[in-house]
Amino acid sequence: MKDIKKIEIIQRPPPPEPARRTNPLARVFDELVRFCQSRSMFMLHYCTGCGAIELPPAMTSRFDMERLGIQPMVTPRQADILLVTGYVSVKTLKRIILTYEQMPSPKYVIGICSCTVNGGMYWQSYATAKVLKDYIPVDVYIAGCMPRPEAVISGLRALMEDIRTGRGDAWKKYYQNYDFYLGNQQRLFGEKWQTPTDVIAEAHHYGMMTDQTLGEHTDLLEQNEVPLDALRTRLKARTE
Amino acid sequence: MSWQELLLELTLMPLLAFVIGLAMVLMMRRIAAQIQRRVGPPLLQPIYDIVKLYSKQTQISHGFIHELGIMMAVGGYIAAEALLPVPGMDGLADKGGLITLIYFLMVPTLGMALGVGQCANPNGSIGISRALTAMLAYDIPFVIVVFGVAFHYQTTNLAEIAAIQQAHGVSGWGMMEMPLLALAALFALQGMMGKQPFEVYIAPAEIATGPMVEMSGKFMGGLFVMQSFQYYTAGVLYTILFLGGGENWLTFLPKIFAVVAIPMTIAMLFPRFRTEDLVRLMWKWPVMAGLLGLAFVMN
Amino acid sequence: MDKNLNVWLDNLLQEIEGIKFRRKSTRRVRIDVAMDALPTLLELLQGRASYVHLSAITCVDWPDDGEFELVYHVWSYETQSLVSAHTRIPRDPGVYLSIYDLYEPAAFFERDIHEMFGVFFEGSPDMEKFILTEWDGPPPMRKEFDSEAFVNQQFEWQPYHPDWLKELEEEGGGVTTRPEDIRW
Amino acid sequence: MTPLDHLLLLSALTAVFTLAAGNIRSAGWIATLLYAAQGLALVKMWGMGYGPEVADSSISFQLLGQTMHWRFDSLSWFFALITVGAGFFSSWFASGGWADHYRAQGNSLRLFHSALALNVFSMLVLLASGDLLSLFIGWELVSWASFLIMGLASTRAMGYAMRYLTYAIAGAMAILMGIVMVHAQTGSFEFAALAAAVPGMSNGTLWLLLLLFGGGFGVKMALVPVHLWQAKAYAETPGPGAAFLGAISSRMGLFALILVIIQLVGIGRLVGMSIPYTFLDARDLLAWVAVFTMIFPTYIALRQHDARRLLAWHGVGQTGYMLLGVVIMDDLGSAGGLMHVFNYATYQAMLFMSVSAIMYRTGTADLNQLGGLVTRMPLTFIAMLVGIIGLAGLPPMNGFVSKWLIYRSLVAEGMPLLFVGAVIGTLGTILSVYKLIHNSFLGQLRLEHAKVEEAPWSMTLPMLSLAAIVFLTGYFPGVVLDWISALQASVGLPVLAHHLGGVHFAQGGLDMIWINSLLIAGIAIGALIFYSTGRSQRVHQLDNYAGGHFLSADVRYQYSDNFYPGLLHLIGPWYRKSFRWAESALVSLTDALSLAMQGLYRQVQPSIYLLITVVIALSWVNIR
């Protein structure tokens, strides 16, 4: 045991600065808006796994997340952060993806517990998805087999730091290379996998389309896509 | 009252209402935190929330009526602020009196109800049916109070009501002359601000915050703005009717904050009532107190 | 009072031949019974001996014997004791009789066993999947199903090679992982 | 040929034309033009709307020494304006696509148009009545005509129409008795004679007169004890017919009530007649009847799940406002009540038309089978939206002005319990009105309604023009208040000081121009704030939060049945159908009496009569 050296934690090298708008007024405005976004995050009240038991103590009087501006919100429409806590069973992953797509962007995913990192304690199980990153983009991981509230809050502060400096844009990846994510999802759920949210139309509407957005998986989706309702049978964006 | 002054007043009153309303929302969250022995949010938290909500990238809408609902919710209250006389600014108080103001407060509720209706979400529809039932419940004692005050001062012009009360000094306050009506109005205030015991239409665990279930981004931001206007209007209206309105801002502000603090503190100590219990409570004690108060006022 | 009830039960059960009876403790009795005699035994226990509560049906997979072992745990409130009735059924047809008519909760236990082990219970009200709705592979609890191999084939892993580990390896150190832990 | 003759002649002509050529394709359009001509003839007498003029008709009869003559004054001019307007819009609605649909269902269009024309003609005759006899004849004509239009649609409608007929005949008999009593007192049928004789009458006779006339006219107005017939009858009348009846038909009772009780008997005597052992006098009795008429039908409407039935019950409820306003008899209250007649006619007709447009497209008016039609029928939605804002009495629309006037006068007169009752009625209206628009237009669009088209122009144009009227008279209520002040002068009520925007009143008046522009400016600023940030994206109806559940179109998740469970859970037991029980008790009583009477004269043995006559003769001889 004696030969273990003192290993100091190496700070992550800051990744390249995101593009800033040229005129100073716009830059200050962006700075301000990002500061407000970082200081007011609505956490989705959705316990996907065992790790969620650590969130109430983080919210109540001892650790009080509200001083950081984080409030639990009930519907994905009002939420910014999706905390994926604990093991991600295949059935829950369907609901997680549905909820993630229903959240308005900019949205952030925090993978709490090591089960979302690489399968964790349940890595041998046939029923759990091992790597959350393949199915939805994840911003911050908080390791630990149920990290304590301090760890959860430090993870949230790291996310706040990312948002304030503009690095918290993992949500764009979901639109930019939707084909990769859809491929993984179809591999897990089968060819008939489809969510009511029209991600491609959204990508088109918000100008996030890249060449990786559409691919053979999205064509597969389009072929055997069950018409949602007589009102609008086809996914809108492809033609124009 | 040249039209420039009027224009200035009409722009200044909603802005002031918004700022004071934000302060009231902050006070509510601080009171809640204090009661639960938490630290509570920082000073500018309401502003952070609203800026973040308005700066969301995707805004999910279910159709034009959904957007119209939010516009009516915010616009209805902006218009209602111009009818509320504040120290130094009377706005359009003489054009429409107390009864007009009650109807102006119903316009945002109906607007939001229409907007939520188009979201085609059952949670929203259940929430709206409860919100309208709650409105029916707390409006009856409130109307008894309004009649008592209007008959006592023989006018429905809010500026005049405030002036009459200020003429007699503290003893002339509505609360002193009509204590029972003031009590009944407190119940109605609790319902009007939609606070805890009477908040069954925003039951987060049961119907996912009821009407706000499909509101994201600027829709939710609009409802946050409406909430701040709602607190401000409730506080100022109660102050005008019972606490002698505002001579100057120094005495006016503590009064409206005190008035709004009472229901907020009560709210944090109570669980949520079911809808029929809410209606039963609102039609029992406040109505009795109001009618008794009316009897004193009438003779 | 319940002590002589237990004694009475032991004498009763010992008289029945064809079942192996073993009392493990004052509150636990194990009975090994033939496949076709089990329903009658349960009916006897439920009707005559106040074992009214079926707490669980478990299944044990004996691949080398080619048999499933079904264990019916019934509990009696009067005698405060549990009877575990063990029986063996052949593995290949994997079909057995449902005891839904005796104990209603049996429906869910049988449905669960059907999903996990593939044992079909005739007469059970509902045999669809309800836990593994997303799973269309073989019944996973069977011993011949190798979950780890399936996982390695179906899922990829995240390469875990943090920077601090790279420096250690450059200096010749590194973290030794036991051979059986190496996954890829 | 006085202008009044032109009017009466024109309406008689329309009746004859529709009877003769009702089935040709353009019958509806020609009828609409004829109603427009009647409107012009009415406008030619516009002096009455702004001054105390009276137009006499040249027709008059001499009958046993009594003269019957017809004349128009500003009271009848105001009501005639609403009647002809309602007739015009209803026949316009009934002339385009709706007519083919109606004929395709196998009903005769001629019967419908002639019934409508007869209704308008009989109402004009009633409004023009110059003395009590012509009033009674006009009253009977109106009852007969509305029975005709009610009974058109189906056997069930005929059942409800027959029920209305029994009520109408009972009311008419009460009025006839009243007229005979007046004739016995004064010797003539002239209004002036009755007005002159009133001071001389004792309180007892006046109470009898009030009960007879009040009861008779109350039946037509469907006041509380006798309100059961109206909702079902109006709901079953075919689309535009219901719009016409709902708008004006039961206001004829109010016209007659004002004419006889308010104008001739006058407020002084009414206040003087007190009910013993209570603090109430005759005016309070009428006021409380009005408040109960406001509350009970509105909360019955809350539970209906058929849109037509819900609107018809509101028709019964809103009559309470008009009566309450008129009975307060001060300048604000009576102006409020009378303006409510005009306002209610406009948005009730529009609401009934929008419901029949929905029935035209989806085939049903049951609120539990509709939903989400706003994306398919936007114009009909706008019409219903303006209608419900008016019916609920919210600011931008004219309904708010009349309700404000009534509330303001209740506060000025100091009647607290009436004020609270009126507000209970308003809140009930708001709740049931939101249920109407939510269940039909908002919420989940059903698969079978996915291909529904917008109603044809011949149906949407009348609705939208009515919506424009509702909004404009809400913005400039002075237009209607001018007619009402002229009417108040002629009826003898205190005249309301008003200007184009609203009302001057020392202690808190109302200026709708400022109020509406303030509200619209506020909503505009709200829109500015809303549209200043990111572009919102339309999302599919199934892309909804349902607790992680994948919504699908074949599952109906719209919340529409039992819409206010909390409220109805509390007030559910209060609906004990007591009026329906009273009505059936009365009916069974009359059955028993008639059976007893039958027993008397349907004798098998004639000798019984011989015995009875002999006994009477003997007893009469002994007494002498």
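Note that the chains take the letters A, B, C and D in the order they are written out, and that residue 1 is the start of every chain.
The rule is simple: contacts are C-beta pairs under 8 Å (C-beta built on N, C-alpha and C of every residue); 3 or more make two chains touch, one makes a residue touch a chain.
Quantities reported herein were computed from a predicted structural model and do not represent experimental measurements.
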Interface with more contacting C-beta pairs, comparing A-B to A-C: A-B
Core chain by centroid distance, with centroids computed from Cα atoms only: B
Where chain B and chain D are represented by their mean Cα positions, the distance between them in whole Å: 36
Centre distance in Å when chain A and chain C are each reduced to the mean of their C-alpha atoms: 38
Inter-chain centre distance, chain C versus chain D - centres from mean C-alpha coordinates, in Å: 74
Shared interface positions of chain D, touching two or more other chains: 375, 445, 535, 537, 539, 541, 543-545
Residues within chain C bordering two or more other chains: none
Contacts with two or more other chains, residues of chain B listed in rising order: 55-60, 208, 213-214, 217
Chains touching one another, given as label pairs in label order: A-B, A-C, A-D, B-D
Residues of chain B touching chain A in the complex: 29, 33, 36-42, 45, 47-49, 51-52, 55-60, 204-205, 208-209, 212-217, 220
Chain C to chain A touching residues, read off their complex: 132-135, 137, 140, 145, 147-148, 150-151, 154-158, 160, 163-164, 168, 183
Touching residues (chain side chain B, partner chain D) in the complex: 10, 14, 54-63, 65, 67, 70-80, 82-83, 92, 94-100, 103-104, 106-107, 110, 113-114, 117-123, 125-126, 128-130, 132-133, 135-136, 139-140, 143-144, 147-148, 150-151, 154-157, 160, 200, 208, 213-214, 217-219, 222, 225, 274-276, 278-280, 291, 294, 298
For the chain A and chain D complex, residues of the former touching the latter: 46, 75-77, 95, 98-99, 102, 195-198, 201-202, 205-206, 228-232
Interface residues, chain D side, partner chain B - complex: 371-372, 374-375, 381, 385, 389, 392-395, 400, 404, 407-408, 410-411, 414, 416, 419-420, 423-424, 427-428, 430-431, 434-435, 437-438, 441-445, 506-511, 514-515, 518-519, 521-527, 529-530, 533-539, 541, 543-547, 557-560, 563-567, 569-570
